[in-house]
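Paired with chain B in one complex and with chain C in the other, chain A is shared by the two complexes that follow.
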Partner chain A sequence: MAISWLRRFWTPTSVVTVVALAAVPPLLSGSPYHLFLLNTIGVFAMLALGLQLVLGYGGILQLGYAGFFGLGAYTSAILTAHHGWPFPAAFGAAMAVAVAGAVLMSPIVRLRDVNFAMATFVFGLILELVYNQWSDMTNGPIGFRGIPAPTLLGVTIVEPHHYYYLLFAAGLAEYLLIFRLLHSPFGTALRAMRENETACRTSGVDVTRLKVTLLLVSSAVAGAAGSLLAHMNGFVSPPTFGWATSVAVLMMVVLGGVRSLPGAIVGAAVIRLIVEQTSVLGQHSNIVFGVALVLFMAFLPSGLAGLAGGLCARLPRGARVGARSVTP
Partner chain B sequence: MSELLGLLVFGLAIGSIYSLIAIGFSMIYRATGLLHFAHPDLMMIGGMVGYTLATRTQVPMPLLFLLSGLTVAGLSWLIDRVGFRPMRRQGALLNLIIATIGWSIILVNVALFVWGTAPLSYPEAYLPKGRMIGGIVVVPQNLAMLGVGLVAMVALHLFFTRTVVGQALRATAENPVAAQLMGIRIERMMTLTFLLSGFLAGGAGVLVASIVYANFDLGLIGIKSFAAAVLGGFGQVGGAMVGGLLLGLVETLGAFYVSSAYKDIIAYSLLILILLVRPQGLLGAGRARPD
Partner chain C sequence: MRAATAGGAGRGALGDAVTVAMLETERISKRFDGLVAVDGVDLAVERGEIRGIVGPNGAGKTTLFNLISGLYRVTGGRIRMGGRDVTDASPHARAAAGLGRTYQTPQIFPELSIFDNVAVGLAGARRPTLRDALVGSRRLREDARGAVEATLGFVRLPVALGALAATLSFAEQKRLELARALMGGPAVLLLDEPAAGLNRGEIAALVELVREIHGRGVTVVLIEHNMKLVMGLCGRITVLDFGRKIAEGTADEVRRDPLVVTAYLGRSAGAGV
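Now for the complex of A and B:
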């Protein structure tokens, strides 16, 4: 039993993908810029996977997600730069603080649909305001500089192609964790909750606990991603952890395909690549995001994963079948 | 004493703007169940359109309010027609809410494209000026804003309670299926909701932009009116009015007497608390919308 979910994970496709992803840095070793871009995608893929769990599998609109990303980033930054904590301890603390933040927010799971979404949105606004206003800790809008490179087992990870493997390990661990969760009774309960919350509650599932668990796990993941971002860039500032980023991660999930874990990673890659292009093309091209969000919601709510699934199935209702087939 | 009076008037004036946006926001929520994230950006577009009209034509303020309101009403209708109505048939509310975020991004970027990034100040004639009357600084603009806000609210109240269309709108909001069975054409009612809320947002945009500035990020001010809608209990027009006025007062007095750095944090925390303790709003006696 315990092994079955792992067996489901190790399909030929996933083995090829993991090996291919592990082999990328040597191919790009001549181009630090592309490696940096790749690492940024890695951080955002971690975020998108976390939001996928809440939004895609839980069907819960968490609109303040970037705030928890910030909790991790600032915790790790402050502890290592000001208090001399070693990286592993700060990394753990970053996750713990993000989880603590989620615990603080958890009473709102009692709220339904729109009120819940509203509360998460406001919670995100509060966190962004705190990052801006609490200058003694966060250095305010100017941003926090001088975050040291992480040291693991006596080795300091400075080079981008080394950092990549740190992100790769963390991302893979996260992927496996979420995959494991989805292929457990928890995942089944989650599906029941999404389909019909009242019926699920009546069948004896503790829906409130389910939702709190979702919030805590996704926040821990966001905290970890925040810590990794902080040590990668050596600098963090409040706008990275505000509404704009929450929307960006939401777009990654939507674009890649709701209820598809690989989709979240693809979504993260596509959105980050577009962001890089738009910074070259100019500010107005952000409109691409708005249009994409509207069009995807209207015509392809199951995202790229749905499209891929649909093409494989070649059925009239293929788009939907594709999205479902990913669901455990 | 005169200082306090000035603050009260200013707070209520700001509050009446929040009310105008919150009413539209609430109406849309009531009629469609939608959390309309592009609504504050419609307000922003209203402020921008008002700026262009003010600099080109120098029409008086009330006409500016009207013209800008009508323009945004049209825009609001267009977005509903093109964006939301086809999706309503699919019935996935979550997708619709995400789509409103998309529209918000589109509106902001259109504003950036048309009006640029720099904050635009309305022509001199439209700016608020203080006058000394009996030892008190009176800003006629604030009084006018309060006046416009109150008149709009009274008119809306009469519309919702005394006219057939207004009652049909409320019935649609209360229970779309039952309303449809009673022979109300609910799609038409929803169209009317978007028109009316767009009009109020556009008018509010002119009022805000004339005292602050017109800029693509003006929607951030409008987001606070979400809070007003929550304070009043989502979906209650009367509640949204009172919620807006209350928010304006608390914010203005809070910024003056307490710290202005943390006022938003305190306000937002209170908001979450109210959501938790009284999801039906501060004034609402009835139950919140069940779903």
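Now for the complex of A and C:
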């Protein structure tokens, strides 16, 4: 007998989506650039999913998220390139170090609202500073080169269409993990905390512990994504893990739709595409970014997921396949 | 529903069993920037009581509840539950120790389903952990579902489990909140103006419900303005005025107390006494 949360996951829409995503590389095999772009989207989708858990479901504004992405990337890079660690071990260490970073940050969960958000932002800035300044370890602003391609079960994953499957597996595992969490008493407490923290506390929920757990889980995910980015590109540099990326991931969540896991993935895709298309503008791409965000907030406050939900609601009943929300 | 957890009887210093108050406050005070909301209140609620807390608006009744449930830190004094000092315990720890409460205006989770609203109350009995979330058994989930259904039935809230809590009426939201409080298996239940905003029929049902809850061994403390309800339901009544306890006793004793008459009943003539 299937486990209930898995049964909830396997809707016709999710089956079609998973199969379609698995079938992409053969279709794009003649176009490495597009596959590379897709892989980048995959890494950022992993980040956006992690932030969705914290922000969308827990209602916690974590503004230093990219810093933990960096912890994973540099840990994995340093351990494989300088210390000869195999990829799986480095990958695990990347997650562990990101979690350790979150443990260091965890005392700030006692701060409230804006103060908390500011503290996370500053924590992210400190991490960015470390990546820039600790040249012995990170090679500073010049960037860290020579990160080896990952070897898994004796196979070295070099080609983008192979790497795609590595990301696909990691992303799917992450999605299922978060989906599972959300459909447990833990997830119920999480959503309740967002709605009414006072009632949550007097109902017996340890909100401090819940927030710390959230930060740890989301950081582990960011660390994993960082490791995968490092081995994909073979090169990492500090700006990728700075405040601009934190804001970009935040935008992915907001644009895709707060409280929607598919929304986070779609948001990641849209934002990455905008970044790619406006990269010729250099620094000025931020202007496009800013304007896009303002427009989206004004016209699509519930994000793309909200738009999709609204369209589905207008369809005749029979056509509403899999149009259910993540929350039961 | 879980049976009462916090013990009401403990052992005295001499080794013989003595009655320890289920809920006890010892000279607790709360000061907000010069305003003394609660001023040295002693309260001792015995196991199995239905205690009424009355007093004019601004007497400090809700502040007292916020102190007992741990939402506010006391400025002075101690709070004990079943003899155990919980003055410095967090709200969730007090809930786990068997303290449940409701609010004057229902504090629900409007965007969550009815089921989830009630299920949150289970946290008082079993903390939601990451481990349970990842390897939690099917049994656990089925137990939760059964408990939620039973509790909703008990508070007479026959609604669809999947509906959003925001769709409930005011009176239903109060019962939803009560169901959530009961899920933790409280030994002591604090009800903050349970009858406020209810019509006559709903109040009658509420009185019945409180009696049933009491009948299950739960000690009840309730704040109420409806004097008829308090006089009919509560064995003992504590009267607060300007943050101080001015009287305590049975309905008859309190009714006759000259301090109470001037401070409370005198001001709201014909309050149904």
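By our rule, the second predicted complex is superposed on the first by the 304 of 328 C-alpha atoms of A that agree within 3 Å, B and C clash if a C-alpha of one lies under 4 Å from a C-alpha of the other, contacts with A are read in each partner's own complex, and residues count from 1 in each chain.
Please note the rule applied: a residue touches a chain if its C-beta (ideal position, glycine included) is under 8 Å from a C-beta of that chain, and two chains touch if they have at least 3 such contacts.
None of these values were measured; they are calculated from a predicted model.
Based on the superposed arrangement, let me know which partner A:111 touches: chain B (first), chain C (second), both, or neither?
The first partner, chain B, only.
Under the stated touch criterion, which partner chain does A:21 make contact with: chain B (first), chain C (second), both, or neither?
After superposition on chain A, A:21 lies in contact with neither partner.
Tell me the contact category for A:301 with respect to chain B and chain C: first, second, both or neither.
A:301: touches chain B, not chain C.
Let me test your reading of the model: by the given contact rule, A:212 touches which partner, first (chain B), second (chain C), both or neither?
A:212: touches no partner chain.
Using the superposition on chain A described above, determine whether A:247 touches chain B (first), chain C (second), both, or neither.
Touch status of A:247: first partner only.
Of the partners chain B and chain C, which touch A:126 in the superposed model: first, second, both, neither?
first
According to the stated criteria, A:287 is in contact with first (chain B), second (chain C), both, or neither; which is it?
It touches chain B, and chain C stays clear.
Which of the residues in chain A come into contact with chain C in the complex?
3-4, 177, 180-181, 184-189, 191-192, 195-196, 198-208, 210, 213, 217, 327-328
Considering only the defined contacts, which chain C positions touch chain A in the complex?
Interface residues on the chain C side: 69-71, 90-96, 100-101, 103, 107-113, 115-117, 119-130, 132-134, 136, 138, 140-141, 144, 162, 177, 180-181, 183-184.
For a test of understanding, state which residues of chain A touch chain B in their complex under the given definition.
Per the stated touch rule, the residues are 59, 61, 107-108, 110-115, 117-119, 121-123, 125-126, 129-130, 133, 247, 250, 254, 283-284, 286-287, 289-294, 297-298, 301.
Spell out the part of chain B that touches chain A in their complex, as residue ranges.
29, 33, 35, 83, 86-87, 90, 92-99, 101-110, 112-113, 117, 223, 226-227, 230, 234, 261-262, 264-265, 268-269, 271-272, 275-276, 279, 288, 291
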